[in-house]
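Should a chain be cited, it is by its letter among A, B, C, D and E, assigned in written order, with residues numbered from 1 in that chain.
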Amino acid sequence: MTDLIQIKGVTHAYRTPNGPLPVLDDLNINVPEGEFAAVVGPSGCGKSTLTRLVAGLMKPDSGEVWLHGKRVTSPRKTVGMAFQNPVMLEWRTILQNVILPLEIVAPSMPRKDRVARAEELLALVGLSGFEDKRPSELSGGMRQRASLCRAIVHKPDVLIMDEPFGALDAFTREDLWQTMHELRAKEPFTAVLITHDLRESVYLGDQVFVLSGRPATTQYVMNVDYPGEGLRKLDGLYTPEAAQMLATLREQIQIAQGRQPGPEVH
Amino acid sequence: TVAGTAHAQTDMPFALDWKFEGPAAPYFLALDNGLFADQELTVEISEGAGSLDAIPKVATGAYPVGFADINSLMRFLDQNPGAPVTAIMMIYDKPPFAVVGRKSLGVETPADLAGKVLGAPPPDGAWAQFPIFAAENDLSMEDITVEPVGFPTREPMLAEGQVASVTGFSFSSTLNLKRLGVEEDDISVLLMADHGVELYGNAIIVNTDFAGENPEAVTGFLTAIAGGWKAAMEDPEAAIEALIERNPAANAELEKERLQMAIDDNVYTDFVAENGLGGIDDDRMTAAIEQTKSVYEFQNEPDASLYFSSEYLPDADARMLK
Amino acid sequence: MERFQKVAVPIAAILIFVALWEALVWVNGWPDYVMASPSDLPAAYSRFWELFLTGSWQTLWRTVAGLTLAVVAGTGLGMIMGFSRIARDGLYPLLVGFNAVPKATLVPVLALLFIGQHDFNTVMMAFLISFFPIAVSVGIGLSTLEPEYRDILRSLGASKVTIFRKIALPKTLPEFFGALKVSVTLAFIGTNLVEIISPHGRGLGALFLSGQTNSNYPLMFAVLIALAVLGIILYYAVVALEKIFAGWAERPGG
Amino acid sequence: MERFQKVAVPIAAILIFVALWEALVWVNGWPDYVMASPSDLPAAYSRFWELFLTGSWQTLWRTVAGLTLAVVAGTGLGMIMGFSRIARDGLYPLLVGFNAVPKATLVPVLALLFIGQHDFNTVMMAFLISFFPIAVSVGIGLSTLEPEYRDILRSLGASKVTIFRKIALPKTLPEFFGALKVSVTLAFIGTNLVEIISPHGRGLGALFLSGQTNSNYPLMFAVLIALAVLGIILYYAVVALEKIFAGWAERPGG
Amino acid sequence: MTDLIQIKGVTHAYRTPNGPLPVLDDLNINVPEGEFAAVVGPSGCGKSTLTRLVAGLMKPDSGEVWLHGKRVTSPRKTVGMAFQNPVMLEWRTILQNVILPLEIVAPSMPRKDRVARAEELLALVGLSGFEDKRPSELSGGMRQRASLCRAIVHKPDVLIMDEPFGALDAFTREDLWQTMHELRAKEPFTAVLITHDLRESVYLGDQVFVLSGRPATTQYVMNVDYPGEGLRKLDGLYTPEAAQMLATLREQIQIAQGRQPGPEVH
């Protein structure tokens, strides 16, 4: 079986007034069906650019992106995307915002079912009671959670998340990590998760890809062998195995940022 | 018309050159008195926005007949040679082109215009003929200060004394002045036709293609028009009533006065009293063309026969107004 | 309280305006034919009220018909120009050129092309004069739409039309309504232009003309005020629509 | 390449338009007095080119003067309406009413109030007819300004005027320029309205009138085209300004 | 000496279509001159609301906010604010964005000095070379860093930061923590820092305020006794004292979120 997401030697540069800015350089990432790829890397290295390429929103200068054995040249209906900047449509309520993808992807779905699905997800992220609010009435973290619901409401095959928990406090975040795992068990999907939280990458990822500094290339790939059986538990993060993985990732990121790996302190 | 039915009704929509004012009343009276119906014509009268609006309407054939200034028609035919339109019945034997002044501002005779301010709307029909008037009265254009004005401001400026006289149609400017509160005695109307200008005025015009196919209908139409004017002269009140029906906001008194002025100054001239309404004098037409040459540069050699045709006129006795 | 203010403020503004107008005429001692004063108008209205009613209705429906056409065509054109750079580069100069031509001079041409089709001519002119602001505003709204918004739907493979309907249109609705407010007034001007320049005896324009032929200056001003009132009525209809469809955009404060 | 397209596309569009126009006239066999065709125009231009040059210049400077006034006053009014709800509620109906009045009917009033002040009247009318879109767009831009933007400066205690200058104005510049494009065409119409209705023998309007009195239809159409060309020239001047001041807003793609 | 920032019994509710939503309830926070107050609390509890009240952008329903012994009724020029959503003015380059506050606060400052100051700060946060880019050409983390520069460019007395490092990877973030301490040493200011990172609150805060869930009230105040002498060092976070403080905060936050404090695992 070939991998569901294949990023093959992708190179990309932004055209800027003072010449091209190379952002991705011969990047390779493969994600088997149903697996979770976590991507970490220094700020500004090209992670968001990568998500846009996978989603088909941009075309790479060279190299190819394949989803489901088909080359990506334009966006797909079966992809869900949570953007780094959780833009909500101000003229819609939260519920209507979450429903939006269903209107496009499943136009024939009865309204009642849509609402039920959206309400279920909103409850999952702790936003029950805010369905009818406008986005401007939500806090930053609440908006980010709603944006996550919007990304998964249409049960996409492929989920691309760009720092989806960045604005959340530790506990809310950990709750959502668990929610992600539960969702995966119920409605399997293949995911790419951009994050800057190493614990998040280890807890959620089946593989963690460390990107180098700009232009980003695949510097290091870690296969996560998460401690414990069955659904991952948070406690697993506090085992020596996890500590070892986290230490390795820290070291790699320090290299990615072009520093000498420092003493392992965490 | 359908072949074989000689008595079928013919549609002849009629395009006026202007709004529904007093001088248009005779046509409505003709309509109301059934004069058109007598000729088996179905006539609908439309208002217009000047001769330059009415002429193309007839030239395109949308309206077989219309009412327009023959001087404008000459220019139109000169610029658009071969356009199927010509005049067939002269209505304003004396054109209403006038210089209207105020005696209190020292304007009583053409000579008084020298050294005074004359208000003139550049596109005004009367202003277009002013150079002829000036030449005929030995006025030098250099002695007259011409102030370009807009139509809506023309009479108010004269009423306020900003100008000493204006060019305009006699019945329009005079009555507008009266409405603005200028004493009748104070108004002096210098009808250009009384001061050496030989031009003709408004005429019934026809689409020549239509006329070629329906000569009887056209003659019938002219008969009804003459009848309308005759009836209006006999009973101006009835004519105005017919008008008010079409223009309910109009002021009956004023329009009656306007109609009367048109009849007295422009329509019922000595020539018309003698020869009936509608014909022209060929010599005067030649003179008019000569005069026109001094104010308009013809692109082609002018030819009176292009501008007026008397072949559709009914017999003279049908055109006698009294 | 806020409700009250919403009604009271415009009324107060109008009253102040009328008072200033009356005072201006009175202080300057202008005669009717320079400027009629508000106190002259009631007479005109009471005398011709029937004509005002029928005229207003005729003017109004033609204006609304033209405006509806303008909304449809303007939105369509705006979409084309917003989505395609080539269309924008090519169409804009033509539209601007067309708009710089005084419509008053086009009325006779239109009248000759469609002789006697008064309703058609009038609606057409109201349309021709009022679609441009709408096209411009929709076009700009689309071409300056923040990519963040667009990407939300693009990432789902939505078509351009869907993106327009779900994102661009609602997002630019405030500007669209702004343009509509401009277009409302222009459409009125279009209708009246035809009624005055190519008279067919219908609508408030015809009433204005008959005021003019009779040198009835108060009547002329009364017609102008009636036009203004119609404009204001249509404006509030637009405002009502705006409240329904774009209420979210109104920012508090200020 | 992109440069080339920017110039080529509008020119191609104009050429196509001219060709279509010629074809339309030709196919329908319309005489000059219904619609002149483009091939009739060169003769008119070559014969009257001097008049066209002086007339264009006179029309142009009055239009630009009126437009400048409109920008200043429109921006001021827009600021007042954008910042104050009361002003918005009170002024909008008045402005809409004023705008729904056909300006053609105001020309005589203005002409009577300021007799003989032709330049003033013309500039004034260009101004009166064109300030509204600018005021609306600035007002809407301000009243729908995202609070996030405003707060950046508010948190520094900046005055409303400063917020307007540093945030609201640049942020709404694309819409402002859109409105300006509409206003440009309106200002032209204003200038011409005066030149045609209250003629003072200057500008392209006067040339149009002389074409009319002489039944010279090609000349009349030539004037209209000259007006369109002037409008397009002014439009490109606005585009140039826009490129300088609001180039950032243009989104790539599409 | 009274405290420079005084938040006295502040209560606030948002008016929403379905009744008022109480957000702050009798909140009290005092920050002495030159000190750093870190505020943590669950997502949506009212932290951003608090920053707006302190900055004078909103007025509380009841209670008072005092800065410098003066009651705050409107914004002050001597306050610097980094918003949670780092909005940049798209029509300005990054450098021009950073300079903006100087244009308001120090209109007479020569342009050269402004540029120098902005360039210095941009270098400090690792954005040298991006001065002339448009905001849309920056990554999320880079925008956030630029926004921080904008908050401090005019050397405000009081600095209010709403999750200023939320979009940054661990290392960039830790670098900036140190930068903050260095800045404080050079140009003293009093600060309120909203964060969801407990380590951040301990490393940067002199006091840590834990807010309860909505409506937020001051649930717990911790005086940070940071291990080590002089300028705080990152290593200090890995001492038992710090671990103890972090554990206490975790516990408090769990209470704030209305859960039973769980086993201490970190």
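In the analysis below, contacts are C-beta pairs under 8 Å (C-beta built on N, C-alpha and C of every residue); 3 or more make two chains touch, one makes a residue touch a chain.
This one's a predicted model, so the numbers in the text were calculated from it and none came from an experiment.
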item: Chain D and chain C - chains in contact with each; value: B
item: Two chains sharing the most contacts, counting C-beta pairs only; value: C-D
item: Inter-chain centre distance, chain B versus chain D - centres from mean C-alpha coordinates, in Å; value: 39
item: For chain A paired with chain B, centre-to-centre distance based on mean C-alpha positions, whole Å; value: 85
item: Inter-centroid spacing, chain E versus chain B (mean Cα positions, whole Å); value: 86
item: Chain centre separation in whole Å, for chain D relative to chain A (CA means); value: 50
item: Set of chain C residues in contact with two or more other chains; value: 33-34, 112, 146-147, 249
item: Numbers and ranges of chain B residues touching at least 2 other chains; value: 56, 60, 152, 156
item: Shared interface positions of chain E, touching two or more other chains; value: 85
item: Every chain pair meeting the contact rule; value: A-C, A-E, B-C, B-D, C-D, D-E
item: Chain C to chain A touching residues, read off their complex; value: 146, 148-149, 151-158, 162, 166-167, 170-171, 173, 246, 248-249
item: Residues of chain C that touch chain D when the two form their complex; value: 5-6, 9-10, 12-14, 17, 33-35, 82-86, 89-94, 96-105, 109, 112-113, 132-133, 136-137, 139-140, 142-147, 174-175, 177-179, 181-182, 184-186, 188-189, 192-193, 196, 205, 208, 220, 224, 227-232, 234-236, 249-251, 254
item: Interface residues, chain C side, partner chain B - complex; value: 31, 33-34, 48, 51, 108, 111-112, 115-116, 197-201, 207, 209-216, 219
item: Interface residues, chain A side, partner chain C - complex; value: 52, 55-57, 74-77, 79, 81, 83, 85, 87, 89-92, 100-101, 103-105, 134, 150, 154
item: Chain A-facing residues of chain E, complex; value: 14, 16, 18, 21, 40-44, 46-48, 84-85, 132-133, 137-142, 145, 162-163, 166-173, 196-198, 234-235, 238, 250, 253-254, 257, 259, 265-266
